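One chain, subunit A, links the two complexes that follow: it is found with subunit B in the first and with subunit C in the second.
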Partner chain A sequence: MSAELATTRADLAPSSTGTRLLDLAERHRVLLAGLFLLVFPLVLPFHALAIVVLTYGLYALGFNLLFGYLGLLSFGHAALFGGGAYLCGIALVHAGVPWWLGILAGTLGGVLIAFLIGIIAIRTRGIYFAMVTLALAQCVYYLFYQAVDWTGGENGLRLPSLTTINVFGLQLNFVDSLTRYYVIAAFVFASLFILSRILASPFGAVIEGIRENEARARACGYDVSRSRLLAFVLSGGFCGLAGSLQAIHLAIVPVEMLGIETSGLAVMMCLLGGMGTFFGPFVGAAVFLVLENLVSVYTVHWQLVVGVVFIVCVLFFPRGIWGSILHWSRR
Partner chain B sequence: MLAALTPDLIAMQLFTGLALGAVYVLLSIGLSLIFGMLTVVNFAHGAFYMIGAYVGLYALSIGVNFWVALLLVPIAVGLIGLAVERVLIRPLYGRGIDYPLLLTFGLGYVMIEVVRIVFGRTGYPFDTPELLQGAVDIWVGYFPLYRLFVIAATAVVLIGLYIFLEKTSFGLIIRAGARDPQIVRILGVDVSKVWLIVFGIGTGIAGLAGLLAAPLQGVAPEMGATILAEAFVVTVVGGMGSLMGAVLAGLLVGVVVSMTSLFAPEMAKVSIFALMAIVLLVRPQGFFGRAGLMS
Partner chain C sequence: MSAPVSDVILRTDSVGRTFGKFVALKDVSAEFRRGALTSIIGPNGAGKSTYFNLLSGSLAPSSGKVTFEGQDVTGLPQHRFAHLGIAKSFQITNVFPQLSVRENVRIAAQALKTRFDIWRPRAGMAEFLDVADELLKTVGLWPRRFELASALAHGEQRALEIGMALASRPRLLLLDEPTAGMSPEETRTMMDLIVQLATERTIILVEHKMKLVMGICDRLLVLHHGELLAEGTPDEIRRNETVKRVYLGQREH
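Showing the complex of A and B:
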C-alpha cells in the first residue's frame, strides 16, 4: 500500500488520531525505524537476540521486496542468504580481506546468485516460480556442500572471529555485543533507507503495478521480465547483505543456512509480520525469534511452531501482524 | 576407471536409473494429478512420501506382511491426505493462488516435526523383504531383484491409474473436471468431492512411493525434503499437469542421475537441476505442458 493512497483515503475519511499517527509513521518510516533500532536492544533480554532479529529481519525484508511488492513467491531465498554468507566467509577466510570488504563480497555474491537464478526462474510465473526457485536453491546447496575446500562442506565454514574492527580509522571493540549490534544496525538502517527510496521511486510503482495487474503493466509499455529480474537481483543484494552480517556475527556459516528450512523462514516471517508492508518483515522476525527463544526452553521441536504459524496465518490471519494493525486503524 | 566402462556396465546403470526414476514417477504423477485438478501444488508432497515410509516401518514392526503393507500404506496416507484437503485446503479455494502453496509448505514442517516427536530424530534402516532379496540375471549382469520390483510396481500403479482415469465413469469426471470444473459443476457433479478424492489418490501414491523407496535408502524424517525438489524438477521438465510428461521426465531424470554418478559422481546431484535449467531455457512449458501455462 503506497503512502499516497493512504493519505488520500485518510483525507476522505474523518481521520482519527490513530490514522494520523500511522500516516506519520508511514511517511517518516525510515526515521522511525532508525529511532526504533537505537532503543531495540534495550528492550530485549539479551543483545544477541536483537542482532539475529536484525539479520533475519533484513533477510525477510529482501524476500518481502519480491513477494510482498512484486507478488513473486520464491521458496529459494536461502540460496541468496546462505550464498551471501558463504561468499563473505570465503572472502574473509581465503582472501583475508578486511571485514567491510567481506560484507561487500557477500552482498555482491547475493546479487550474482540472484541474477543467475533469476534469468532461469523469471521465465516462469506463479506456482512454477515457487517450484523452480526451490529446486535451484537446492542446486546451490549441493554446489556449496561439495566445494569442501572452499566451504568446509558439512562442517560449515569457520570465520576468523573479529575482536576489533576498523570503522573509518576508529577501532571498535566487536566482542562487545552492544557495539556489534550498532554496527550491524547501521547496515540495516542503510538498507531500510535504500528500500524506502526504491519503493518510492517510479520503479517501485512499476513493480506494484505488475503485482496488481501484469497485463496492464505490460500494455503500459513496461518491460515486465526485466523489472522482475531487477527486483529479484535487488532482493538478492539485501539477502546477501543479511547473510554476510549473520556470518560475521556467528563467526561460522553452517551449511543449513542454504537449506530449504531457511528459505521457509523468510516466507514465514514475512507472512507473520505482514507481506507487502514496510515494517512487516521485521515485526515477523522479532515476534518469531522471541517466540522461538521462549519455546526452545521447553522443547527442541520449535520447527513445529514454524509450521503452525504458516497454517494459522494462511487460514485465519493472512494480513499478518503489522498488516492487520494497518488495516484496523484505517477502517 | 574408464577402462571398466563396458556396455554392460552402462546398461546396468541404465536399469538403476530406471528404478530411481520409478520413484520420481510415482511422486510427480501424484503432484501432476493434484495440480491438474485442483491447480494446487502440494508442497507437502515430500512429507506425505516420508509419512508413507514411516507408516510402512510401523506396520512391519507390528508384524504386518510387506505385501499387505503395500496396500495399507497408500490407503492410510491417502486418508491423511483426505483429511488435509477437507480441513486445511478447501477453505482456500477461490483465494489467491499462493495460499495453498504457503499452507502445504507449512504443513510439511508440521508433518516432519510430528514424525520426529513420535519416531525420534534419527533415521532407521528398512530391510528389503525376504522374497525380494538377492539379484537376478538380466543378460547384462546381475541386478538387485528389489529394484526390478520397484519398476514393476510402478508400472502396475500406472496401468491401474490409466484404467481408472480412461475407462471408468469416475475417471471421466476427473478428466472433465481437469478441463473445466465450472461446466462439470453445472452438469450436476459435486466437484469438491472429486477434488477431495483426487487429493487423496495423489497423496496415497506419494505414500506408496515412500514405502517402495524405504528399502533403497532407509527412512528418516528429512527424506521427503530433498526428494521434493527433485520431484519438482521432474514435474517442470515433464510439463505441469501432464501425466505422460511426469512418467517420461521421471524416468529421464532417474537415468540422468545414475549416468552422471557413473561418469562424474560429484555432479550427480547437480545434473538434474542443469537439466531443468536447459529445459526451461529451451521449452519453458516442459515436454508435454500446455504452452502459455508457464508464462
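Showing the complex of A and C:
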C-alpha cells in the first residue's frame, strides 16, 4: 500500500539521517497517514472535532491539488465543497438513496460543478482566475439558495439522521462518534491513497511542470488548458467527497457551506499547513480547528486569535507549518 | 535558389506580424532545408525573435503562411508543435526551476507518450528515465542530474533546455540566441554542442553575434527592419554589399 516514490523530490540525493527518515516517510506516506488516522481521535478531546478535521482537511487537500501543485489560486472552492454536500443531501432526502450512494452523488456533483466552473475559469490565470472562480461560486450559492424546495433555502437542508449504516452487510452504529469517525476516516484514507497515486503519476509531474513554467510545459507539448481542467475536476472530486462526508456527519447542510468564507477557509488551512505538501492541508485544518475550539472556550473573539496566528504564520513561516518542518529537516 | 520540395522542411510564405500599429515583421518568404544548420541574423530590433516565434508557434502571424513538411501549421496552438516534430529553446532561460535536472528532461520525454495518465507510477516508467539520462549525457549534465535545475549555472540551464527540447525527438530544432548572456567559455561549449547536434538534425538558430555563426552554419538569413535583407551561404552573405553596409559595418570591426 506504500505510495510510489515521487521522482520530483525524492530524486535528490539523500544526505543526513533526518532527511533519510523524511524520505522514508514520504515514500510510505499513505501508510503513515493510515496509522495516524487510526490513533488521531484518541489524542483529541472529543471525536466530533477529529471528524471535522478530517472533512475540512480533505476539502483543503482538494484545494491544495490545484493551488499547491498546479499553482492556481481558486477563490471559489466552496462551490465544490458545499455543492457536493447539497447534492449528497438532495440525493438522500429527495431520492431516498442509501448513505453510500448519497456520498457518491455528492462526489460526482463536485466533479460536475468543477467541470462547469473549470471550462470557463481555466482560460484565465492569476488574480483573474481567483475572481472568476469567486464569481461563479457566488452563482452556485444563489442557485442553491433560491431552489428552496430542493435545498431548504436559508434554513439549510436537513438530512435524515443516520442511526445505523450498512457497510457490506455489516450494521454499524452511526450514532457512536468513534464508529462514525472511522467510517469517515476510511474515505479519507482512500482519498489520500488516490491523491498519492495522482501525484506520483506522469500527470502529477505535468501539473508541477505547469506550476513551475507554463511556457516550457506548452513547448514540451502539453495542452496546458486541458491539464488544468483535469486537475480542477479531480480537485472537485475530493472537495465534493469532503462536502458529502461533512453533510452526513452534521445531518444538515447550512447554506454558509457555499459562502465566500468557506472558500477562504481552504486558502487559509492550506497556507497554514503548507501548500504543495502532502500532509500540509490536514495539518492546517487541524491547527485551525483545534485553535478555534480551544480559544472559543475562553473568549468569543476567537477569530482574532486565529487571525493573529495566521498572520504570524504567513509572515514568518511562508512555507506553512508542515512545509517549514520539511524545509528545516532537509537542510 | 529554391530547393526541391522534399528538401524543404519548413517554409514561410510572406509572413508578417504587427503589434498594434508597429510592424515587427513584413512579408518574409523563406525556405529552410532539411538537414541544414540555418542561422537567422540581424541587428537588435530586426525582427529575429518575432520571426522565430512565428516559426516555433509561440505567435501566430498576422498575415502569411507557415508550412512544416508540407503541412500548414499557421496559427496552430503552441503545444501541437512538439507533436509535429518541432522543438525549441527560449531566448530567456526556461526550465522547471524547482524540479531536479533529471525530472526536467523526464517530463519533456513523457510529453508525447502520456498526457493524462493519473494512475500509473511514473517512477516505474523506465523508458522516460532512460531518454532523460541519455540526453543529459549528450548535453553534459548527467553528473548533476539529482540537483535542482535552479542550482545550475546559466550556461548549464541553457544546455538543460536544449536537452529538454531534444526529448521529443524533434526533426526540427529551433534555438533562440542559445549563447545569450554566456561567458566566452560557456559560449564555446554551447557552439560545440550545436555543431554536434547539427550532424543529426535540422537546426534553425537565431543569433545576433554574426561572427559566432559564420563558421558553423550552412545558410544564413539576414533580417533588417522586419524585412528579409539577404539569404545565402556564409560566403555569399560576407560578400553582400547591402549586408555589409547595414550590419557588418556598424557592429563588428
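Here is the rule we use: the second predicted complex is superposed on the first by the 304 of 331 C-alpha atoms of A that agree within 3 Å, B and C clash if a C-alpha of one lies under 4 Å from a C-alpha of the other, contacts with A are read in each partner's own complex, and residues count from 1 in each chain.
Here, a residue touches a chain if its C-beta (ideal position, glycine included) is under 8 Å from a C-beta of that chain, and two chains touch if they have at least 3 such contacts.
Everything numeric in this text was worked out from a predicted model, so none of it was measured.
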Which superposed partner A:Arg216 touches (first subunit B, second subunit C, both, neither): second
Subunit B versus subunit C as contact partner of A:Ala91, first or second or both or neither: neither
Which of subunit B and subunit C A:Ala79 touches, first, second, both or neither: neither
Touching partner for A:Ile198 - first (subunit B), second (subunit C), both, neither: second
Contacts of A:Val255 with subunit B and subunit C, given as first, second, both or neither: neither
Which of subunit B and subunit C A:Val287 touches, first, second, both or neither: neither
Touched partner set for A:Ala114, first subunit B, second subunit C, both or neither: neither
Contact residues of subunit A, present in both the subunit B and the subunit C interface: none
Of all residues in subunit A, those that touch subunit C in their complex: 4-9, 11-13, 197-198, 200-206, 208-209, 212-213, 215-224, 226-227, 230, 234
For the subunit B and subunit A complex, residues of the former touching the latter: 35, 39, 41, 43, 88, 91-92, 95, 97-99, 101-103, 105-114, 116-117, 225-226, 228-230, 232-233, 235-236, 240, 266, 269-270, 273-274, 276-277, 280-281, 284, 294-295
Contact set on subunit C toward subunit A in their complex: 56, 58, 77-83, 87-88, 90, 94-100, 102-103, 106-108, 110-112, 114-125, 128, 146-148, 164-165, 167-168
Footprint of subunit B on subunit A - complex, ascending: 73, 75, 120-121, 123-128, 130-132, 134-139, 142-143, 146, 259-261, 264, 267-268, 271, 301, 303-304, 306-311, 313-315, 318
